[in-house]
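For reference, the structure is listed below as structure tokens.
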Amino acid sequence: GITVFAAASTKTALDDIAAAYTADTGQNITFSYAGSPALARQIQLGAPADLFISANPGWMNVLQDEGLIDAGSRVDLLANRLVLIAHGTAVPPLNLETTDLAGLLGEGRLAMALVDAVPAGIYGKAALAALGQWPSVAPKVAQAANVRAALALVASGEAPMGVVYATDARASAGVSVIAAFPQDSHPPVIYPAAAVAGGNTGEAKAFLAYLRSPKGRDIFLQHGFGVPDQ
Amino acid sequence: MLTVSLQHALPAFALDVRFEAPPGVTVLFGRSGTGKTTVIQAVAGLLRPDQGRVTLDGDVLCDTRQRQWLPPHKRRMGYVFQEGRLFPHLTVRQNLAFGQWFAPRDAKQESLDRVVELLGIGPLLLRRPGLLSGGEKQRVAIGRALLSAPRMILADEPLSALDEARKAEILPYFERLRDEIGIPMLYVSHSAAEVARLATTVVVLQNGKVQRQGTAAEVLGDPAVMPAGVRAAGALLQARVARHHSDGLTELDAGGVPLFLPQIAKAPGSVVRIRISAHEVILSRQRPEGLSALNILPGTVEHLRTGGGPGAMVSLTTPAGRVLARVTRRSAHALGLEPGAECHAIVKTVSIAPEDIGGG
Amino acid sequence: MSAEAAWLGPEEWQAVKLSLRVSLWATLAALPLAVLTAYALARWQFHGKQILNSLVHLPLILPPVVTGYILLMVFGTKGPIGGALQQIGIVFAFRWTGAALAAAIMAFPLMVRAIRLSVEAVDPRLEQAAATLGASRIMCFATVTLPMILPGLIAGTVLGFAKAMGEFGATITFVSSIPGQTQTLPSAIYTFLQVPGGETAALRLTLVSIGIALTALLLSELLARRAADRAGGR
Amino acid sequence: MSAEAAWLGPEEWQAVKLSLRVSLWATLAALPLAVLTAYALARWQFHGKQILNSLVHLPLILPPVVTGYILLMVFGTKGPIGGALQQIGIVFAFRWTGAALAAAIMAFPLMVRAIRLSVEAVDPRLEQAAATLGASRIMCFATVTLPMILPGLIAGTVLGFAKAMGEFGATITFVSSIPGQTQTLPSAIYTFLQVPGGETAALRLTLVSIGIALTALLLSELLARRAADRAGGR
Amino acid sequence: MLTVSLQHALPAFALDVRFEAPPGVTVLFGRSGTGKTTVIQAVAGLLRPDQGRVTLDGDVLCDTRQRQWLPPHKRRMGYVFQEGRLFPHLTVRQNLAFGQWFAPRDAKQESLDRVVELLGIGPLLLRRPGLLSGGEKQRVAIGRALLSAPRMILADEPLSALDEARKAEILPYFERLRDEIGIPMLYVSHSAAEVARLATTVVVLQNGKVQRQGTAAEVLGDPAVMPAGVRAAGALLQARVARHHSDGLTELDAGGVPLFLPQIAKAPGSVVRIRISAHEVILSRQRPEGLSALNILPGTVEHLRTGGGPGAMVSLTTPAGRVLARVTRRSAHALGLEPGAECHAIVKTVSIAPEDIGGG
């Protein structure tokens, strides 16, 4: 079997597909889920990974520049969407282009992932900037360590609104998606995947192919991920 | 007055005592492990007895039946512990002052300077207890208890770590506490000299029980109970100071008999207590002449007790009171000492030891 | 100070100051409670003692992120305690006070353990002696126990302070990372570590963090040595 | 056990077992070194004492992620020490041994502090007495000091064990989170918290984690109480 | 033989002593805080003197000049500490056995049972020290030191916490250690009786210096150096056991003069040491008759020392040796006691105290 280093946010979907893969091929897959930066650094320092699925193209680029991945195998595996959520069920949607987000927040905070460090935060900041909301909203942003923590802030009602991935918002009770950010307001949310140089690239590629097979795509879609066109 | 009634079971030891300590000094006497410290701790409130009642001057300190309990810090007991228990983080001066901080403002206070001088601990004031010698520690512990303006003093072998000279200096101070300040004391001691000098009452403990209680004269005069053995037996007599002589002797009047001893600081007319240790008395049928011993008490043999050993304890009635003499059976026989026989008790002046003199 | 200010960016400098404030407050505010808890665990017998003991240790056992979540649930504005406190004007959410609360809770078990060991090492007979000299329970504690546990107290406080300086998971989960409000040094370091090439900046902040904590440590060693000498009677 | 096995998924059960193994090894392996360090810091005077002291405390001061990163750089297969050790067949990187190393290093300051406080509380005059009775330094330590510091030793060990059970940041950064190899309970909890709907699973694992650590804690309290009674001469 | 030469400066105290302790018991005598414990600690190796040299039977224990230092655990000193220092985590039995574990296999060993019986600590064996009374602790501490098969015993006031009866039981044991096992001892004591009984040599310390060193007879007979004051002065005499009488008395021959004392367990012909305390001697010009006191030593006044007080110290040469008598100046005058005057020293049988008898 091979070892897959994958961004933690892909866990449920990947576990499901791997189960199917094992059933189909008899091959076991071992996953190590953690934050993409940690995984990338570990690969830099010799981790026994065969396949890397990053939530962050930046870190994949770094590995590619250092020749640590099999560049030929790199694909954009998954896509995601950025949405605005609010605390509570059945909160009416709003129009991101016309609403004064800062005014709506009032004293409240906008929960986001770290806006300069974590992809979801970086994308969110870009989108808000593109929409002209960033200057007024920036002082009200509460930056969480990751998307899930931002979601938790909204779910608990601590922050009235937050910016998270569609995949996260779907599964959470107690929050409503009140707007989706336009695709063009931020760089595409892409999860690149690539076989790690020096690993079992053959099997890594086989599994990667399985992930991109219709069976794999279906499961990703079920979990709310987008699947970039090939 | 202190009344004590205690029952307390410890693993392998059971305490069951009941005694009253009239004003003055009550000495707890008894061999190692007979419960002396345990009694004192219960009086101090450091031990909660299974059952018991302790009162001081009518105030209930502890009554298990009525569920009354006065915590130790409200009892104001000046406790000199057997093992010192100085506060290691405080200097000697701070240790001494500790009790003063908590003493009621209106309480009679000993002055720090006086206590320091008495105990000879002036040079130690700025040191910490860790750097003191054994005797130095114990002296500081005594000072600390004295300075807390206590209603009562509990002293657990306070002098045993001290050299004889220091003991001789400090004993009179305990006496003064008893006589001048009138502070009651419960005092553990193994030394007959200390008992004779200080005790108003002696409580003899044995295996956690009161074996005997009585005045110092009664208990010290009874060889059967003396835990220290016959060598500690002796008589306590009352005498009145008659006059002071120019050669440094004080003449006492003990029931009409003159007794001489080295000058004592008491005004003529005052009553003192003297101890005559049984083993220091020599008996003679005729009135002896030409001896260096100045004190000769005429008397009559009251009774004579012999044991298995070569000794005999003779008690005499004299005008001064009952006197005990420890002689050999051989001498008793040679001199024909039988009840009713007249004889003379010879006591050396200086053998009426300064330590054995207490205010009556 | 100005050298450091130049070396660090303004936002980093802010994080340093905030971390100091948060850690100091966390340790100082937790200290009395830690002493009380330690004393109770060491000396008293009461029902629920083991439960208290377990509660105290929970933050040590739990992954910090979980602690952060629990804090959010309990002390958030919608939480049972947080909501009640909000009524009387005490707010933790997104405030530096919340960061201090998180740091204090994470540091608490360390402080309690150290102090408790010291209390257990104090000979109760010395407290008894103080009582016979007229010191009430509280005065016994203040004049005898407290000075004697000083080494442990100092050790515990510095341990707590160091922990508070390094605490990250619970803090960021509870109060997130708002520059000037809740962005402590570890949050800032974490941020740098998330981006490729952020290592140098992270290292710089790490050094600052080490510098501060080690200074505290050395100071405490000096203090503890003196306190121990005194408690040892020298 | 089988009830628990049924309640937990196989991978979770694996994480529980791994966490236990990692924490036990971490604490047991660190213990002798912790005792030595604590004794040295408490009793000996030597050059570099403050440096040693600082080093010991570093893992407490640093955000765990930074510690993990440093471990990765030093003990990774490409690191200076990790590379050398690999030559002689000792590998930490991405093995459970690495998780144990990370846990041990994180637990170490807690253990040292607790033990050191206990050593400082032992009256050196008792060791002197042992020496006059013919006990060499080592025998003094084994027959007098060690039994007397037992409460602190137990406290430190359990503190360390609890910390090791809860350690996450350094572990996941150093050895990643490979099921059966390096995925400890906290890593598993963290991963569950990162995915939608993972909260229930995270809560379940958290409860297991609490259960284990509290059991250890209660056991240690019992042991420590007995040891303290003995050390107190009762 | 132990040779000691030490210089050591402590804050507020400086030690500078040099003495030799021949085989037997060397008693360190002196007031509180004069450095007795400090000397013993240096001999035990618990204190590293600034300067000094300590040897035992030729083995160098410490020599600061030659940088030699034998660590305490190699010195095999049986140290009875002034403050007990029992191991709190071990039972009494384990405390006692502690030294046995480390004793060389071939060393002469006291048996645990014998020591336990002697000290009366059988019932305590399973207890921990925290639960013992003060005297019990000290007895265990003595036992622990004795059982470690020591080359030498260092005893720092080992008996001061014990009651008289217990003291009387344990003293003969120390004597046996001295006489039968021949183990050398350095012994701190404040008690003249203990000194008289045990001491081969007495080293008197004052303020960290050796004030006087000599045999017990010399030092105890010199009122000027007696730290305990004049009351402890007395003469030590050699006498030979003449015969045992059926009435429980033993007759001694002291230079031709018969002396009687309660039976002692020595075979006729053996030499014993007896102490005659100066304050227990009565003087008479004529030979007194009809007294209960059996012992009368004829002698000649050697000299007479008077001080400021009412007392005088008379030293007599008698066939038995030099005897000291403490009398009043008044008596001295009345009896015409001047150098050269003939007189008789009267000593009560029982006042030759059992504690004051030591093997010669």
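Just so it is clear, A, B, C, D and E label the chains in written order, and each chain counts residues from 1 on its own.
Going forward, a contact is a pair of C-beta atoms (placed from the backbone, for glycine too) under 8 Å apart; a residue touches a chain by one contact, two chains touch by 3 or more.
Given the structure is predicted, the values throughout are model-derived calculations rather than measurements.
K.L.:
If each hop has to land on a touching chain, what is the smallest number of hops from chain C to chain E?
P.N.:
Minimal hop count between chain C and chain E: 2.
K.L.:
Under the document's definition of touching, what chains do chain A and chain E have as common neighbours?
P.N.:
D
K.L.:
Suppose each chain is reduced to the average of its Cα coordinates; what separation in Å results between chain A and chain B?
P.N.:
Chain centroid spacing, chain A to chain B, equals 90 Å.
K.L.:
Go ahead and note the Å separation of the Cα centroids belonging to chain B and chain E.
P.N.:
Using C-alpha averages as centres, the distance is 26 Å.
K.L.:
As a quick test, compute the distance in whole Å between the mean CA positions of chain A and chain C.
P.N.:
35
K.L.:
If a residue has to touch 2 or more other chains to count, which residues of chain E qualify?
P.N.:
83, 131, in rising order.
K.L.:
Going through chain D residue by residue, note those that touch at least 2 other chains and give them in order.
P.N.:
Touching at least two other chains: 65, 69, 190, 193.
K.L.:
Can you name every chain pair that touches?
P.N.:
A-C, A-D, B-C, B-E, C-D, D-E
K.L.:
Mind pulling up the chain E residues that touch chain B in the complex?
P.N.:
Counting only chain E, the residues touching chain B are 10-12, 30-33, 36-37, 82-83, 123, 127, 131-136, 139, 156-157, 160-166, 168, 190-192, 227-229, 231-232, 245, 247-249, 260, 262-263, 279-280, 282-286, 288-294, 309-311, 325-332, 335, 337, 346, 348-351, 353.
K.L.:
Please name which positions on chain D make contact with chain E in the complex.
P.N.:
Result: residues 125-126, 128-137, 139-140, 143-144, 147-148, 230-234 of chain D touch chain E.
K.L.:
Over in the complex, which chain B residues touch chain C? Could you list them?
P.N.:
Touching chain C from chain B are residues 44-46, 71-73, 75-79, 81, 83, 85-90, 98-99, 101-103, 128-131, 144-145, 148, 154.
K.L.:
What residues on chain A touch chain D, complex-wise?
P.N.:
Its residues touching chain D are 3, 5, 8-12, 30-34, 38-39, 41-42, 45-48, 146, 148, 167-168, 170-172, 223-224.
K.L.:
Contact residues on chain C for chain D in the complex?
P.N.:
Residues of chain C touching chain D: 50, 53-54, 57-58, 60-66, 69, 109-110, 113-114, 116-118, 120-121, 151-152, 155, 159, 162-163, 165-169, 185-186, 189-190, 193, 202, 206, 209-210, 213-214, 217-218, 221, 228.
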